[in-house]
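Structures are listed in the sections that come next.
Below, subunit A partners subunit B and then partners subunit C, in two separate complexes.
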Partner chain A sequence: MYGKEIEKELEARGINLWDSVRVTKGKEAYEGIVMPRTEAGDENVLVIKQNDGYNIGIEIKGAKIEKIAKAERAPEQRQQAKRPLQNLSKIALLYTGGTIGNKVDYKTGGVYALTKPDELLDEVPQLAGIANVDTKKISSVASEDMVSGNWAVMADEAAKALNGGSKGVVVTIGTDTMHYASAALSFMLEGLTGPVVLTGAQRSSDRGSSDGFLNLVCSAHLASKSDIAEVGICMHSTSSDDKCHFIRGTKVRKMHTSRRDAFRPVNSMAIAFVNSEGDITYNDRYRKTGSSGKVKANAKFDNAVALVKAYPGSDPGIIDYYCGKGYHGIIIEGTGLGHVPNLTEDKKKSWLPEITDAIDNGVVIGMTSQCLYGRVNSNVYRTLRMLGQAGVVYCEDMLPEVAYVKLGWLLGNYKPEKAKAMLNQNIAGEITERTLYDEFVD
Partner chain B sequence: MASSKTGYKEKGFMCGLEIHQRLATSKKLFCSCTATLPNDSETNEITVKRYQKAVAGELGLVDRAAKFEEEKKREFIYKVNEGHACLVDLDEEPPHEMNAEALGIALSVASGMQMKVPGEIQPMRKQVVDGSNPSGFQRTTKIGMDGFIEVGKSRIAITSMFLEEESAGIETNSPGEIVYDTSRIGIPLIEIDTDPYITSPEEAKEVALKIGTILRLTGRVQRGIGSIRQDVNVSIKGGARVEIKGLQDLDSLDKYIENEVARQERLIAIKKELAGKGTDIGQPVDLTNMLKGTNARVIAKALGSGGVVFGFALKGFKGILGAEVNPDRRLGSEISDYAKMGGVNGIMHSDENLEGYGFSKGELDKVRKELKAGNNDAFVLISGKKSAAELAIKFAVDRAKAAVDVGVLPETRGAIGNEPFTTRFLRPLPGRSRMYPETDASPIRITGEMLGSAAANAPDMERTRARLIRELGSANLVDRLVLSPRFQLYNEVAAGAGQEKVFIANTLLQKFTELKRSGLSVDSISASRLAEVFNTYSSGKITKTGVEELLKSLSVADGSVATIVKEKGLERITGARLREIVEQAKGAHEKNKAAIITDVMSRHRLNVDGEELNSMLK
Partner chain C sequence: MYGKEIEKELEARGINLWDSVRVTKGKEAYEGIVMPRTEAGDENVLVIKQNDGYNIGIEIKGAKIEKIAKAERAPEQRQQAKRPLQNLSKIALLYTGGTIGNKVDYKTGGVYALTKPDELLDEVPQLAGIANVDTKKISSVASEDMVSGNWAVMADEAAKALNGGSKGVVVTIGTDTMHYASAALSFMLEGLTGPVVLTGAQRSSDRGSSDGFLNLVCSAHLASKSDIAEVGICMHSTSSDDKCHFIRGTKVRKMHTSRRDAFRPVNSMAIAFVNSEGDITYNDRYRKTGSSGKVKANAKFDNAVALVKAYPGSDPGIIDYYCGKGYHGIIIEGTGLGHVPNLTEDKKKSWLPEITDAIDNGVVIGMTSQCLYGRVNSNVYRTLRMLGQAGVVYCEDMLPEVAYVKLGWLLGNYKPEKAKAMLNQNIAGEITERTLYDEFVD
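Entry: the complex of A and B
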């Protein structure tokens, strides 16, 4: 909000947001509507919207503010979401937060979350023609603020929806950590009877060019029509608004900070492509619907798991640090095939002793690669064999973030020994035995 | 039917200008792409396809222009040249910091026009759903307000000035799809708005000329085709505000305004005429089955490819659809413009010779009967793909109703082409609700230091005149130069020049105009190549006549200046070589001075400097 001086001045004159005011400063006078302050600007600057729609900021020092008229906010022009047709399948839309449900936020200068998930249906009226959509807001958490508890709620709600007759589930979620959530749901949900489709937006839906509209439409098509019984991410497959791809929840990663097609399959192919008309093209093998039992959510998660990165000159003390805090598992994002600094000139920079110590103390250590593409291998170099012999679990072609989520989930549900044994065994498509030529960046 | 040139006050004439000028900065406004346009030879390698929808503005209303564009459901294709556009331009990356160079130029113009500058400027998003920006909005920031300029004896109020991003350039435009070139997106642009009290079309032209001159005085604006555009707002009593967009040629500005006044007068008259007739616009009727097998080619073609035909009656409209509202423009053309927005090629109506389109008399009778259109009524037919025709007929019915209920609609219109300087409907006039804050770009405090530097660099006509008179000697030459669109070019070319500045000024003013009239595109020669031409001249390597020849060549050929001089044999003959030639001629003409000059010049017109020749014969 505004600085004290402006707040005081506005209060003294009974001026509220959206009231029309005249600000006089020496010979200059400005008229407009009082706008909420954006935190990006100076708190001593009053922002008014002038008659031509432009906002300007006026430094309030030495200025006189008078109220001309009380706020007369135009009523929100809400489109009434169409009544769903009888013969459409039912899907659940779980709203968790993120850009897709964002509107302009005057408080932070950024964007704020929609208050009702139904607003999303108003924004994308096509959804009503695709499926009978049950919306539910289960959280309002920005992607970067998500924790395992949020994933647990998603898993529970998704299971509840599927068991309650929904053909599929769409989860709208912030994009930054969407691939962590998709991995978590992949492990947590057992016996899926339909698709669980995570989607979001790289451009907020307050702009006409938002990618969220197409992402939502394609996700709804997938959730209501496809026979996929897996968790995955459905987002733009190219920068164009022509189709989305659905990528397995454990083989997907956000690979660009801002592009619409930021989500790419890694060491895998997209399972399917879908367009706004609902045409689905299957592209890879997938687990099909058909199980008639109840979907189960094993949502327990051990938060005492860390993901650390090894790099030239990195300090292995980080392993000690986590062990000291009582952590039960650590995933290392090693270099190349799965290296950490080992035979360093400065002995203190060698990771092997710390890793050995940790393992001896019962901490599960998994190795992945910061190359992301490809598979780790502990046999090619001597130093790798030393790590392998020390008991580091080489996590095959599993993404570091997925390994992190998997280890947290394993330790939440199994004893450490069992968890360790399961870490490099495939559970939810996170590990494949064969890596194909086409599964690398173009 | 151009209206008379006087009596604008009585008509309730209101007119304001919006001048858009691209700035000559090194980078774009919100990214680090070059702000120069690509050469014709550069190709666009990448294509991106997008759709856009109208979303609510900051005040909660969906802007009617935005809504209209969305109803058209068009596909936008963006061609990308990676030398000139990056992810920011494609709406794939947030904007970078606002370009300080551009802001500095804008502030100096604001200062030159005595404008108030807000203490903190607030970047805004202006919603544009015609696809001309992939983000669905244009970033625009109000920099100044409440200034003025002097035009002759009048003081013209400049209500506001904005610093904004250039939009994408249209490559092709068809009903279902528009292809844009993204290279232009994001080049800094300033928009300068006058108040709506310009008193006549002539004055509008003078104001535009003056604003253009002030902008060029900064020396920091782009030149060339499309770098400056005028939007004109016009209304008369009983009419409505109409914005004519993107006029690039100042010469015809007044003619467009005259035509718009005439158009509004005609529409008001038509409304009056209809008011007495008990008119009514009928519901659209599907005529697809009835017209199966017609010989009317347009319809047959639409039906042949699975399309439909719709029609509606306009009770009491007989003769009105065909009434001229502007040269070569009828009420029917106005309705057709709206229908086209739905994605059809146009309409056919009963004030046209429909039998000429191939309809039989029997078919027309049946159509009339089906539409319940009597002898005093008119009707409109629309054919095309079902989805397009449905939208088109809705737009056309709405427009026809407006002829009865409203008269003149508030619209954004565009020039059709050159003569007779008429316009066509583009979209409804946008309202205020299409503005909302650009939350990805921070507001900027305008400091005293920034304002001081702006004042120092402000375009100042008197100061500039004084400098140029010192430089060129002649006040008359200076006045012509300052008003010329080539003024900035003069500054660039003459910057490093010495003695020959007068020659440069005269060449740019007279010789360029002459050569341009003869069909040569001299304005396409870059400032740096021109500077080279004049350098070559001042270092004595070519003559004045040689300069003209060189300009002719440069306007069509690529090659370096030196190469062209060589190829065209333009090297100056001077000193000992000239003396040798003169001596030979002296022998032949027995020292007859006039005969010698004629002889030498007839053989070496392009290569010999007349003055030098004269001095040798003294």
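Entry: the complex of A and C
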């Protein structure tokens, strides 16, 4: 509740929360949606959410308020979608944790995770005009702390929502490991009937530069309107606040610690671009909706898989370390086309003997490149042939992180021999036959 | 030696090896430098190197040869620089191995390393007109097999060459770990009097698309003409064969397995651009020549340092593994702003206890980001503060590979406490105060 002065003004003009208004004060005019007063907010400062997603507080004294349009739905209907609007599709919004729902803790100065998914709807009232949104909190985990069990819950809940009549699913998640999660869901979900859109925020919603608003709005448009039947990530495509791209869940990577357009396609192009108005431009081929069967979640995952980086001076004993712990699979981030230190001056630094031993003991070993862009190839150099002959699976143009997730999923669902055979066969768009060069570093 | 027919034609026109000629055959005309016959070459096919660096073989029958210009130096002078041209600077060309000197093994189909640095001069006769080149083979190691001892040899030889009157140094090296080597030399070399330019080839010289020619020519121009007193990498700046960029040795990474422009600046800009004509365009600030002292190589390196990647489900036991092996330092490739799995559902996956133990035992732990672009920051999230308070050194905008090399070098030269204090202090351009966004993925 605002203070008496504001409440009186609103009542006199028949304005309710979430209605669109124009506020004029002096020479300035602001348009937006009337937001509820925040707990710490001044009772005499009216908060409206502008069309660019940013909130502005206006001291009521001397301000003139006009009503532009009534909210499509009252708050309680909007939040619970209890009385859906017939012209809008139903989508599910699964909240898992992460910056998009973060608030600053003013006591410590740090940022911590909120646990109320409905608050996202309060923050982005525009969602109510895009779809009938069913929100559900399915976890409260920062993405850096996620393990495969968290991905399994997401897969199960996404399948349940789609099978329950949702046109699409939006999953809000922390950005740190969003691309690991999108890869996991890509493998886990079978027979998708609609888009599963992962999104989040690089900057928390209390900051002027927050990106969560546009990301959520664009994700809701994609989930409710697009005919894409794939898992992907929808985040800013440029450092401007103008549009998002939707990138296949197995061809995407967080490439910057803080930029809003941190998520980039690697060895691929964005599937689509979308703006806050809901205009969708398709940019590449994709799997379309049309399946009428049930969506299935194959969420089993073998956690005894490791991702290991090879580099000058790196210790090959790490292969033996994981074998000793009973691991079933190892993905190596090799150098260049898929090398490991081998013919080094220091014999203890040669990886081939350890790798051969591991393979002989039934461990599946896959090779990727720390270059990230491009494709590993065991046919160019003699030492690569030796690795290939030892039984290392060269993972084509797959990202190291994706190969790691894929191998864990394969070993969770298939016997080792079968998993090994499937590792460099395309399942969910993670391998492309020809690498397109359109998306490379500037 | 070519066959009688070619030798007769050349003799009749006073043409020697390395002279520039025009060959006309039917409607086609070719200009270039007369190359020696290759071992496997047809004795009736004249090979000339065109100005774009590519060799072409022309069957002599029906061809007309004209001399355009005499070679500046005879082959034996050119190769040994025994009789330097007074108008040219002296540079050193240190050959270490790698694709730039590779040949295809026609028996196995694979590619193997040659060990004759002088062959590089044969392949690129243009070098003779750029500088008085002193070649030296200092190793024969593919870059994926290099260890810190190889970097030490490079540093020592580069210092020796500069102290011996070379204006600059070109080091040819395999591309896989070229950026690790450039970082190592950046830290090891003190008081540089000229540029130390690392270069190589993404494709071997027998291929039409080889990039080694332009890379070598541009590197020689930089080494002999520029006033840069830094270590850096000079490779193609675009996928066209038109120019190279020179990127600071601590701010560069191989970002593609096969593209000629695979080396990109990260959190930085190229220092300069250079073309085959020797036109140098400076693009950013750099340390200039002017030091008259001796160049010093501090090549000590502590090999008991590891680079470890943290990811969902990653095993924190790896920290303990390295501690048990007596390691002195570990660089972590964390997620996002510098996270590790901590508050995971699976308690065995929490990294903080292992990290705290390691630090208590005197191990130096540095944090970088697997995003590569951007900057780690321990002040944004509560869990990051916990890591920072535990004594993890946040390495600003340093690349993981660079932080690894730097920590090995620091621990090789300083006591652990001092090394720890220096880890996030700029020494060789590896840390910039403000991250420029000009070079990010497209």
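Operating definition for what follows: the second predicted complex is superposed on the first by the 352 of 442 C-alpha atoms of A that agree within 3 Å, B and C clash if a C-alpha of one lies under 4 Å from a C-alpha of the other, contacts with A are read in each partner's own complex, and residues count from 1 in each chain.
Please note the rule applied: contacts are C-beta pairs under 8 Å (C-beta built on N, C-alpha and C of every residue); 3 or more make two chains touch, one makes a residue touch a chain.
The model shown is predicted, which means the values in this text are computed figures rather than measured ones.
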Fill in: Touch count on subunit A, higher of subunit B and subunit C
C
Discussion item. Quick one: is A:Ser258 in contact with subunit B, with subunit C, with both, or with neither? Answer first, second, both or neither.
Written reply: both
Discussion item. For A:Val45 in the superposed arrangement: first (subunit B), second (subunit C), both or neither?
Written reply: first
Practice prompt. Kindly classify A:Asn361 by the partners it touches after superposition: subunit B alone (first), subunit C alone (second), both, or neither?
Written response: neither
Worksheet item: Taking the superposition as given, does A:Ser239 touch the first partner, subunit B, the second, subunit C, both, or neither?
Response: both
Discussion item. Using the superposition on chain A as set up above, list the residues of subunit A that contact both subunit B and subunit C.
Written reply: 105, 109-111, 239, 257-259
Worksheet item: Within the complex, which stretch of subunit B touches subunit A?
Response: 48-56, 58-62, 66, 70, 87, 90-94, 116, 118-122, 124-127, 129, 134-137, 140-142, 145-146, 160, 162, 432-437, 439, 442-443, 445
Item to complete: Quick one: which bits of subunit A touch subunit B in the complex? Just the residue numbers, please.
Response: 28, 30, 38, 40-42, 45, 47, 49-59, 73-77, 104-106, 109-111, 123, 203, 205-210, 213-214, 238-242, 257-260
Item to complete: Could you pull out which subunit C residues touch subunit A in their complex?
Response: 105, 108-112, 141-150, 175-177, 180-181, 239, 254-259, 262, 264, 303, 305-309, 311-315, 317-318, 321-322, 325, 333-346, 349, 369, 371-377, 379-383, 385, 401, 404, 408, 437-442
